[in-house]
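Chain IDs A, B and C follow the sequence of writing; residue 1 opens each chain.
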Amino acid sequence: MMFLQGRFLPVAVQKKSEVRSSDLAFLMALRGLALILILGFTSIVFFLYFQSRPLIAQEGLSFFWGREWSPADNRFGALPFIYGTLVTSALALLLASPVAVGSALFLTVLAPHWLRRPTAFLIEMLAAIPSVVYGLWGIFMIVPLVRTFQVDLQNVVGDVPLFSGPPLGVGFLAAGLILAIMILPTIASVCREVFGAVPTVNFEAALTLGATRWEALRMAVLRASVPGILTAVTLGLGRALGETMAVTMLVGNRAVISPSLNSVGATMASIIANEYPEAASDLHLSALTAVGLALFVISLLVNLGARWIGTFYRRKMGF
Amino acid sequence: MNLGVQMGGEELSLEKVSAFFGKKEIVKSVSFDVANREVMALIGPSGCGKSTLLRCINRLHEETPGAWVRGRIQLKNLDIYGPAVDPVEIRSHIGMVFQKPNPFPGFSIFENVVAGLTIRGVRKRSYLADVAERSLRAAALWDEVKDILKAPGLSLSGGQQQRLCIARAIAVNPSLLLMDEPTSALDPISTAKIEELLFDLKKNVTILIVTHNLQQAARISDQVAFMYLGDLVEVGSTAQIFTKPTNVQTENYITGRFG
Amino acid sequence: MARDQLHQSHFRRRKLKNLWMQFLMTLATVIAIGPLLMVFFHIVALGLPSLNFSFFTELPAPTGEVGGGMGNAILGSLVMIAMASLICIPVGIGAGVFLAEFPRGSIPRTLRLVIDLLASLPSIVVGLYVYAVLVVPMKSFSAWAGTWALGILMVPIVVKTTEEVLRLLPFHYREAGLALGLSRWRVICSIVLRSRRKAILTGIFLALARIAGETAPLLITAFGNRNWPSGLGEPMASLPVQIYNYAISPFEDWHRQAWAGAFTLVSLVFALNLISRALMTSGGTRGGELGG
């Protein structure tokens, strides 16, 4: 072997040390690149903190429960945006999750085979449409629709707290609707993967016990997929929290805390996009960056949560 | 739909049963009868249609897109492909055990056993506990799991899981039990335990078992049906098939010349 | 007897529930597809008639006047996307190679986590970051800043697909190269990467499709410009930002142009997605989770 190598591949033998050093340099270069990326990521926290320092110096942690946001008076409280983010995201999850889970079940189990791939493809295309296009569509299609709904509802049931106030069209309801449409493909495609991973024999075993198709789905597919569905919904939540343009265009962008879905408001992401380009004072910029920092931390936590769900169920619940 | 009136005699009777995937005929006009509380083994090389035939009997075959069945299958006095028959109803009288153990993920041992009852709306705790114990005893698993009934079904060993699946299948009190190579994924010790179990089970239930393992067929069955390329080649008592088969293909197969 | 009747009525209820739930699942699918078809319909119905030659070639008309186009915005988008690709695709491939070929150790583990988190980061946060790093020191919005924002958003997608497709490559390919006496890095560059270049391109096109529509980070980095791109140190217009500005404007003609812009943008994004899918199928390997 050594003889052969020496005879036919002299280059390789002669340059053995050189091979090793070039490999080492290659590995070092890649490792350096990796370290730069890791450092770059951690520096996001640093830079965002650095930018928000003036605000944090003035307001401290009370920034996060301050209810008043008035840049002209240098009063900055982020609670309206935290509230707006929660309301719109919750609304979106409430509307999108059942539809996403239902359609994923239909597409993995019920639908005829020829229908599955094209439909799944269509739903995934929903995810490719840019946020700003959803916003444009929302302004001209969702807002008038929501306004009609609000007017009709007030005519029929009168003034209920959840739908009180002037029917403007723009506001929490419109933003929640557009968010629901946008996060639906995310949840649906993760669910489809999860349901597809359940072995068919489990479904069949349930059928042989005398279950109807729905019962077999519930027993063998849905229950086995609880952790997967939770992960999908959490990922959808992560997307809803950070979604910016479409919400900015539909939510009204006013720092308002109101229990009514008719009300205008703002989310953490939308207020940044709406006020940042025109913010006049450093303190205002700093406050908006602090909102961004909070958004960053929340979205990190949500995504780490999505990872943790899987591990938790595998360990504790015997999945 | 009243089953179980006629006791004794024929449990299951197949008449010219053919099974298709689209245009492809997987099972070709198979006819045979299984007597009450008898064990019938279906043998034959892989791909001969024996599993498909099994899945026709509880109308599982038709759940696969493009699959359909022709012919007549009677369970006791009921034509299971009759127009008024609901497959869901019929399946609750026929248990099935699959090749690989498949307890439901997220279900405890107890929940797995009584799954067939809970879907029927049985909620009474004491009754469920009763059935669970009876079924687990019948599946020879009770002593091993009686203290861990709340543990996940998937936490058991492979052999235990398969016995759990048998318990789950007999918990709804079926009159016929279909088994699709139930021991092929198991180690020899677990296999022996399940074979032993079959002797007790057949006191109460008719068993149709697909197996690859000829020794197993010889040990456990009363009747043997040999299938080849979708055809039923020969059916007869176990002793007759293994000692003096009338068909030369059967002889070649059981003497190990092919398969 | 009574028991039997009870059983029968319960059975009917179960069957009804079965039908009802199947109906609901079908309905859910229809509801899921409905908005998509509506968005498509409106983009085509409102966007296509508004398209004309000058839309692609002219500058925006002064406020309130009819006519003009988004030529500068389209060009600006192309410039920034191209620059971002030049800088960040090599970085992404390099990091992907690192994760796939040297997967053990604490650095790859951390990097994998960082890439996952980066992929799920709201893009506006990336915009804020680039603003702090580039716009503040340069004291001006700039095309450079926009480029970096887009680049950062590309990196995780390229890294993930590269890592995934390289892992699918059986180890004997590498062994064959190493047995020839090639060094590890030669094996990676000339065997591993070459044999998977189509699949890696899949990831690149996916990344391009994602950043082509990004608006929020550009809004606070490249900002916008009413003139033709003149330099990377200047603010630069981009198609998505222009669509946003026109959409929220009060002028009818700008709305019309916003729809035309949306049509152009969606066509571009879908084309990039379809190319990526086509590459995935022709590449012969499953390229990732978007395969369905």
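The criterion applied here is as follows: contacts are C-beta pairs under 8 Å (C-beta built on N, C-alpha and C of every residue); 3 or more make two chains touch, one makes a residue touch a chain.
Please read these numbers as outputs of a predicted model, since none were measured by experiment.
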Quiz prompt | Innermost chain by mean C-alpha position | solution = A
Quiz item: Of all the other chains, whose mean CA position lies farthest from chain A?
Solution: B
Exercise. Using mean C-alpha positions as chain centres, tell me how far chain A is from chain C in Å, no decimals.
Key: 15
Exercise. Starting from the mean Cα coordinates of chain A and chain B, work out the distance between those two points in Å.
Key: 47
Quiz item: Can you give the whole-Å distance between the Cα centres of chain B and chain C?
Solution: 51
Quiz item: Where in chain B do residues touch two or more other chains at once?
Solution: 88-89, 119-120
Quiz prompt | Residue numbers of chain C (touch at least two other chains) | solution = 14-15, 18
Quiz item: Of all residues in chain A, which are in touch with two or more distinct other chains?
Solution: 212, 215
Quiz item: Taking the complex as given, what residues does chain B use to touch chain C?
Solution: 86, 88-89, 119-121
Self-check item: Residue ranges of chain A in contact with chain B within the complex
Solution: 112-113, 198-199, 201-202, 204-212, 215, 219-220, 223-224, 226, 317-319
Quiz item: So in the complex, which bits of chain B are touching chain A?
Solution: 58, 60, 63, 65, 88-89, 91-96, 98-100, 102, 104-107, 115-116, 119-120, 151-155, 165, 168-169, 172, 178
Exercise. Within their complex, state which residues of chain C touch chain A.
Key: 14-15, 17-18, 21-22, 24-29, 31-33, 35-36, 38-39, 42-43, 46, 91, 94-95, 97-98, 102, 107-108, 110-111, 114-118, 120-126, 128-129, 131-133, 136, 155, 180-185, 188, 209, 212-216, 219-220, 223, 240, 243-244, 247-248, 255, 258-259, 262, 265-266, 269-270, 273, 289-290, 292
Exercise. Using the touch rule from the top, collect the residues of chain C that touch chain B in their complex.
Key: 7, 10-11, 14-15, 18
